[in-house]
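Below you'll find the structure, written out as structure tokens, and then a few comments.
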């Protein structure tokens, strides 16, 4: 690609995640990094590297004035996402926001609405969705290989740093929820949210958390996030009526296994009562582990952002996806405050039109 | 031991579990099998084996009249436990009951009360508690090796037969709950019970279930039971303030691992607010896997029954333990019916005096 | 099947393996157990069980006189195999012999020759060959799924009892060798045998052993047997030019994995020199784990014995297979005595005509 | 450390390994990188990075003339090691050489002799020896925790690039051999070497290789290296008379396990005959997995080089260690050419004086 055709990007926030964004935008043929912005100019300079053609600034206004900046990537603390994104959108820039999209559904909704009104791309940086494993899972769900989804069980536990400002749900569950949103047909739209948390150390916030998300049709998703586990587990079971998939992210030799085992449903023509009484039979079939390419997720993500802008379409993990994740997190906080009662999770939110 | 000193036992119910009981009582020096009782006399005869000195009968009354029967072991369907146990206790017999103790807390409570009034041993056959792994876990908790319990997470999932009469909670969770009751100081006395279940096949009962059990002091136990998983997992994490234990029952080469890893609590003299603000530090220490003997759990269990009778003391998994398990199962059913709301779990039940 | 059509069998030797044979013959519709023979009559009686129609004897002559005994199963120490088998064959009985076939190639050869002259079935009890995993491996090799065999690497190690009379090669390697003989096209016919052993405890015999077996066409089989390993491993890699199979017998959830990964051979039309220079490319394809039925190997084995007799054909693991295994063991002993030099392994032995 | 006290290093060779050396020398307080030398100046420049104080040159002579270069690190093809190292030593520089030390024992011996005559440090870059796992293994062997070494079994297999110039022994086994040299008391001094190789693809060199190394006292080391395995294994068993250690480098959660299991030796006062007849008993004790720090091996290695120079002592993996590894590789090639016969492995080589 001729670099004259490349899109220009400015990265705002040079802390933990910013450098990864700069590195991947810089490595992409679809992008030119124009500016790195941070209140700490030294940090911004280090992240910009020796690139003399990259502006280093502490002024958001300044970079938004640049004509050669098509998109702004926001990698600042969540509580600042809305203001920065709204300014960028108002300046006519496409926006990528690190997860979570915002610090509240209300703020996220403002961002989504302004982007849509302005015909600009608003994308959530749900990085995990661009890993070869998750892309494959989505493909297998979409193609019908797994059948109807029966349940999803996700475990993301390890000995983790207790965050000073957020609990284990807001720290870890965005990963699981954004993946669920990515792979479930229509996106993550649970019929309710129940959250249970434990703070056995008296840290002032949940360090162990369980999320229950009933889905339409009797299915259920469940998420276990935990900062206090001595062993590290990253595992998701996606059970379907035809096949069941297990994703074990810490097993590089066999990350995704598809089990042709399960329970055979009686004919859908039978009545519910017959269905209950039917003899349920089992299949014990083969296991299949698809080969997965070795590719960095973030590289795929910046490519998708460019494609969405160029094709004038919503990105795969667009603002609405970020909003659905946010609404579950917010509902979880409400449930937590009422002893785990099942609460509504923004059923008015738009689903994924795919 | 002189067999004249051996206790006599009658086994009622010659179905799935009865033969295991007969085999273990017969192999024990502490016991003589006197009678096997089943409405199906042929089945009773097969279970009695060629032992000519064992009575085969279909009459409970008849065996209760025998003076040489000290104890009755009940291995019949749960709905019949109460009537058989009450009759046996009324006849002055000690009673062992297959899990669950009864089909309701009310029935279980009657059994416990009659046994206590009559100074008879009433024992629940919580077989898992007598495995070398669980005995070791209890020992490590009691000795303080693990410190204060922070959370317990239990997973018991596999492709299982969908039971016609009970849901996945009543089928599988008694194992996890009886183990929790056995290892937690004071027994299993959660401050509440929340249950979420899914019936994605329309089988008329939960096939996937999650139990959340808040414990005193901010700790929490969680149980995942599942009939629809293509992979089999039997794993329990018991996290303590000093060390954390992982029991992986399907890894015979290292069933129990003790991790000297965790979060260091600030001094207990600090105020809750200070505790929240304190810098929490991590230990990444050694892992230790204790050698476990190879011993059949059921053999240990029948030995414990004999010892409890001889020493005139409660058995390790006595009727009260069975009742605590039952009360959680019943509370879970109530919670399930009210969308997972947290319900009381019989806080009036007596704990374990250990 | 009408039991009048069932074949009659006598089991000689009521020690460790005899009871397993009796149990499986008794459970088979193709067989009737007629006699159990052991010098220790009490032991023979116990193994015969309560079966009043089974003769218990300490006289081989007596049972060989019975007309209703079609086959004799020999489960006595290896040094007695030849004499018992020769007598049985001379009496017109088909013979099954526990592994190893005999205590020397010479003795084994006598047995094979007499059986062939007499048109009687002589079968080696290579039990592992009748497991679902090994049957599947043979099927995959035969069908060409794996392509040409490149190498086989077998590991069979654990903390084992140091045998008083045999070294680790004679104790454990018969398993690996009989499996190799079963799965390799034409049977196990190495172009040489080299054996290395270690006796680091001064036990007087090898406790750690390595066997190297060059195969025709540049392929190689290697076997590691070990009594001193604290961990237990039962693993065999069967690498082919098209696919490679890994059999991990201690992983019940995925015993056999077939990897569609490997090195692509340049065209066979190229000269050896070109082949050396060719750029060798890699395939990183899917993994596939076939479902395996749950079936007892010994049950399959006694069925095969009956079928071979009825169909008047050689059994799948016939005397010749036993002889090929024996010849490798004997060559290994020779190699061991000459510091691991490569020695001939009975290249005059007949292969497997399959 | 005051950088005026830092030692100066020049890195020769800017290919695959050179950049890692430059990065680690640059990050070390003990070192200043003075020069990067490669025939391809562009490559040298890239490896030097933007460091304006680092000379970039294609002239070995030029850098050897610099007074501020104390040591030369050689990361060029093995066949050039000797000439470069000899020149550097002649110029009074300490020398670090990438593994293998040289392309022949003869060349390696020249290097060792010149370094010793000149009182200069000659160090082999046996990187694996500086990993936390191998440092811990050496510590456990030295402290006597494992007892006498009984056997070592090392497996290093994966789907690997078939090298154009070296076989699988020269490509992979230097890792295993250098580790063996590092952990065995007195270094790796086998009483013989036997090598078996297979070239089933007709690639013109061994792609599958087995090394057998009898050790003094009846012990044995065995190495399996393989380019054709679809699964990746990096495992070493170090069995001792007291305890046995298993190092599984691909299991980050439990890389090193120490098993207190084994066979109890009879008293050493007994005669060999008694020892053979003694009843050998088993211990089935606990397993222990020491915590290992997360540290880059190469950083430890450059620190050791500086310490050896400063303290005027031999480095931990000195030229003699490199020579012992070389002599086994050369003996293996000889054995390979004579069908796996046991050949001498330079028993005249000096051991490790530790």
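Going by the order they are written in, the chains are A, B, C and D; count residues from 1 in each one.
Following the convention adopted for this analysis, a residue touches a chain if its C-beta (ideal position, glycine included) is under 8 Å from a C-beta of that chain, and two chains touch if they have at least 3 such contacts.
As the structure is a computational prediction, the values presented were derived from the model and not from experiment.
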Check your understanding: Any idea whether A-D or A-B has more C-beta pairs in contact?
Key -> A-B
Study note, to complete from the structure: Per mean C-alpha coordinates, the chain lying farthest from chain B is D
Exercise for review: Mind checking the centre-to-centre distance between chain A and chain C? Centres are C-alpha means, answer in whole Å.
Suggested key: 54
Practice item. Could you tell me the distance, in whole angstrom, between the mean C-alpha positions of chain A and chain D? Key: 44
**Study point:** Intercentroid distance (Cα basis), chain B paired with chain A, Å
**Key:** 41
Study note, to complete from the structure: Touching two or more other chains in chain D are residues 231, 261, 284
**Study point:** chain A residues touching chain D - in the complex, by the definition given at the top
**Key:** 50, 231-232, 253
Check your understanding: Hey, which residues of chain A end up touching chain C in the complex?
Key -> 254, 260-261, 284-291
Revision key, fill the gap. Contacts from chain D onto chain C in the complex sit at residues 148-151, 153, 159, 162, 192, 194, 196, 198-204, 208, 210, 212, 214, 217-220, 222, 224, 226-231, 237, 239, 241, 244, 246, 259, 261-263, 265, 272, 275-276, 280, 282, 284, 339-342
